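Think of it as A, B, C and D in the order they're written, each chain with its own count starting at 1.
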Amino acid sequence: MGLISNYEEVFAVILFGIGFSNLLFNRNLLKKIIGFNIMDSGVYLFLASMGYIDGRMAPIITDGITDAEAYINPVPSGLVLTGIVVSVSVTAMMLALTIRLYRRYNTLNLDEIYMFASRETKK
Amino acid sequence: MARIRDNYERSAAYRAEKVIKGEAEPLDFLPEEDRTTEDKLTIEKTVKESESELSLSPETLTETVEFKLYSRIYKALSVVVCIIFITSLVITAIHLPSLGSDLNPANNEVPERYVEKGVEETGAINTVAGMILDYRAFDTFGESCVLFAAVICVLILLKESDLSAAEHSDRQNEPKNDGILKAAASILFPVIIIFGFYVILNGHLSAGGGFSGGAILGSGMILYLLAFGFEKAHKLFNYKTFAVTVCSAQIFYCIAKGFSFFTGANEIETHIPLGNPGDILSSGLILPLNICVGLVVAYTIYTFYVMFRRGGF
Amino acid sequence: MEILKFILLCLLVICAVSVSVTKNLLSSVIIFMSYSGIMALVWMLLLSPDLAITEAAVGAGISSILFFVTLKKLGLLSGGSNDGKNKR
Amino acid sequence: MMLWWQNLPFLSIFLMILSSIVSLSLSFKAARNICVISLGTVLTMSVITFCGVYVSKESFVYKMGHFPAPWGNEIRSGLLEPFLASIFAIIMLLAVLGGMKHIRNDIESKKLNLYFLTTDLLFASILALIYTNDIFTGYVFLEICTITTCGILMIRQIGRTTLAAVRYMIISLLGSGIFLIGITLMYDISGYLLMENMREGIAKAIETDGMTLPTVMSIVLVSLGLSIKCGLFPFHFWMSDTYGYATPSSSAILSGIVSKGYIILLLKIYYRVIGIETVAQSHIQDILFVFGLAGIIVGSVNAIRENDIFRMIAFSSAAQIGYIFVGFSLGTQAGFTAAVFQILSHAVTKPLLFISASMLSDASGGSKKFSDLMGSALRSKIAGIGFTAGALSMVGIPFLSGFVTKILIGTASFESPSKMMPILVVLAISTVLNAVYYLRTVVRIYHPRDLNKKEPKYSNDGYSSSVFSAVIVCFVALNLSIGFFSDFVTDIIRTGLSMLA
């Protein structure tokens, strides 16, 4: 029952899970970053679908209708807007880190980077 | 774990440099006892173990049976964890209040007031803009600080003190006098900039606002840079204008919001005119704040690009 | 509308899965770009035009530019493998 | 009507943000002075707020904007918040001053002002985390905290700091992702973002449906996310690299303040959003209990194995975080009091250890290995004293803060019989382990390398010993005063916690 009526949220948590596993398990740094983005957008989808109400309008007040029954919930949209900015900032920062890391170790595979790094300290 | 790692590295350390430099074949130096340690490790299957083991699964082992076994176990493990995690979240999602109905707990008096009184209290027709820049402005201020922090971190990471080396490496990236690109950019650049400003200035009237408009402006600036090269772009956008713009916009944002929070908490009337809802010049502080956010975002994004590309303006 | 939304959500999942299994980094970035594009459509269907315009400008635009310039900087734009090694 | 001092928490947050923005276009010295001055101002403001709340005995809310409770943002202050803020401000100030020499050496001269910029912003976010009354604001400032932490980590661009920063970021992003979906679930259940209203909403949901899966899941996710971020046991492996390679001030700030900021947010969520009774029903505490105990043991064992002084202190941090979570997991007032006391005690001790260890390693030619540190305390007396005081506090010698924590956790455990035995056993084991590695280090740094040979000479140039000695003395005094006036401090914590609910 809930699976059908809540299918958007189900999709959202699936996306979250895929992104999460990418971030946790993928060895490639760039794909980790993409995974992080997917994870976050999963949460945003979850939030936004929570604010959606059937048969209403987008929350931009036109024609002077100020009835709360006429518009969808604007709160999740605002939160998601904030969230998107956060995730793009983090993405940019992670990419900058990636560039530096690649300059030093010439690979994106974290396993190899750890190996090189641990030998570096021994030297 | 640490001791095993130490042993391992001690035995292989003297060849490490060769491998890094590509002088030695990685597979040559797989000491016998390390296989056993690696073998031992693969048996321990918990998530924690595999995480801390990362430092142990080097390129030198990628061809061995043990490594393949290990990576297969790792993959299987990741799939299992992923499935468990997703399943539990899906079950949770099924149990949530059903979507799309107006009986959700989230549809309470909060959005009601945002919609019903938003226009008269904030002057913004776009309820979302009114909400993020007036009702819940502290969050949005935090958001612009996140952006600021991110651009500072990128500067810390990638800003080169000596640009000549960076310029040399950048030569490969530079498009070489591409006529089509230039012609297209000279048409597109003004259009993009105008559209960006339109989105910013109409943030309180329609969809859009400081952030999306700023992103559009930023991409316009990047296009300008790509088409006309660094020298021309530097006349318009350089580190000095970046610092001045971002600093002053952020300071204005900080002071304006600080003023409105202070007066709000102390119940002082601000006498900021809200104007006639629907006009461009309306809705009090929202319009100037949108412009500030837009400028900050545009410059931030341009800076990201420039820093990524050659580490300096 | 419901059917369209359902199809788009399925596409999102497909994109997300294929990002993680694609070997080529450039293609995974491009898939991620299309993921953001689809996301913008979904926001539109969820009646959040603010999010749609932001996602289109940021996710499909800025994020992708940043990913591409990173790939270019690393010299992986022409077919980097999953390990981030140049194919020589 | 607002009283004048009730504006101070808000002003302190904004002052820090403003000074960080201004620092962008300033020189190193100006940025440093602004940082120090604004930290001092925040300290004064927090102390005044603390006195105000202490006299009036009432918590207050401060609306951020013209709109009241569920519509606008709010910050809120009881007794605990300004107390923590003032202690953190002192620690921040001392950590920045004490590591100044290293900051200058470790960081490119053109980026020095950016260091202070990030520190200011970091402290602003910590203040916001302490005072916030809105859970989404908490999330946003959590992200600022993560990003700026990463900034002060990787600003030292030698060695493995970049790799350490990447590891730290990945773990933090996992944590914030989980935290975000947790608060999303909470928002879905309750329909509010403000802590008080959220609490009512969740209580209502529990009343009608009982502890349904979403409620439990949201509690689990929020706890999991925040404990990942602050480095509870299975997720502690980033700590050694992160603390070991950063510049000493950053290590001190990170271990002393940043991880505490996350824990305080978790504490606020437990107290103000979920309610400790509900938390107890959800059995998340049993999980935290197990991981906390495991963290204490594993952290100590790892610390014993290290031969690098910074990494040893880092692993001991993992153990200390374990204590905090053990305190949380008891679920009683006494348990939480012990946990908050441990937050304070760890926050004053760890930076002391990091700063004095950095000076010890300076006195040994920059090496961090124990073999080179032999006799370093004889070469740098004040650092030796500082390190010894910190180490003794960690081991749990009476009259130092660490001792009081152990007593408090021990007594708190009597209230929950099922957890008493494991806690007492682990406390005993960990005291022994702590004694092994800390006292061993103390003995080493006081033991001359070779009595027959002449001591190698190390230059101590640029060593601003007066400032540094003052910093060490302040830290030791802070530690001693928390230990001596432990009754007063626990009273404040107890009252503060009851005001929090």
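Note that in this section contacts are C-beta pairs under 8 Å (C-beta built on N, C-alpha and C of every residue); 3 or more make two chains touch, one makes a residue touch a chain.
It should be emphasised that the depicted structure is a prediction, and the values quoted were computed from it without experimental measurement.
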Does A-B or B-C have more contacting C-beta pairs?
A-B
Which whole number of Å gives the spacing of the CA centres of chain A and chain C?
12
Counting only Cα atoms for the centres, state how far chain C is from chain D in Å.
37
Length of the line joining the C-alpha centres of chain B and chain C, rounded to whole Å
14
Where chain A touches two or more other chains at once, by residue number
8, 13-14, 16, 18-21, 24, 29, 46, 49-52, 58-60, 75-77, 79, 81-82, 84-86, 89-90, 92-93, 95, 97-100, 109-110, 112, 114, 117, 120
Multi-chain contacts only, two chains or more: what residues does chain D have there?
136, 140, 143, 147, 150, 154, 157, 162, 181, 187-188
Touching two or more other chains in chain B are residues 89, 92, 95-96, 104, 106-107, 110, 114, 126, 128, 136, 139, 142-143, 146, 149-150, 153, 157, 206-207, 209, 211, 304, 308
Following the definition at the start, I'd like every touching pair of chains, please.
A-B, A-C, A-D, B-C, B-D
Per the touch rule, the chain A residues reaching chain D in their complex are 13, 16, 19-20, 23-24, 29, 32, 36, 39-40, 42-43, 46-47, 50, 75, 79, 82-83, 86, 89-90, 93-94, 97-98, 100-101, 104, 110, 113-114, 117, 120-121
Once bound in the complex, which stretches of chain C touch chain A?
5-6, 9-10, 12-13, 16-17, 19-20, 25, 28-29, 32, 35-36, 39, 42-43, 46-51, 54-55, 58-59, 62-63, 66-67, 70-71, 73-74, 80, 82-85
Enumerate the contact residues on chain B facing chain D in the complex.
2-3, 47-48, 51-52, 88-89, 91-92, 95-97, 104-110, 113-114, 121, 134-139, 142-143, 145-146, 148-150, 152-153, 155-157, 159, 161, 243-244, 246-247, 250-251, 254-255, 258, 260-267, 270
What residues on chain B touch chain A, complex-wise?
5, 9-10, 12-13, 16-17, 20, 54-60, 74-75, 78-79, 81-82, 85-86, 89-90, 92-96, 98-102, 104, 106-107, 110-112, 114-119, 125-128, 131-132, 136, 139-140, 142-144, 146-147, 149-151, 153-154, 157-158, 206-207, 209, 211, 304, 307-308
For chain D, which residues count as touching chain A in their complex?
136, 140, 143, 146-147, 150, 154, 157, 160, 162-163, 165-166, 169-170, 173-174, 177-178, 180-181, 184, 187-188, 193
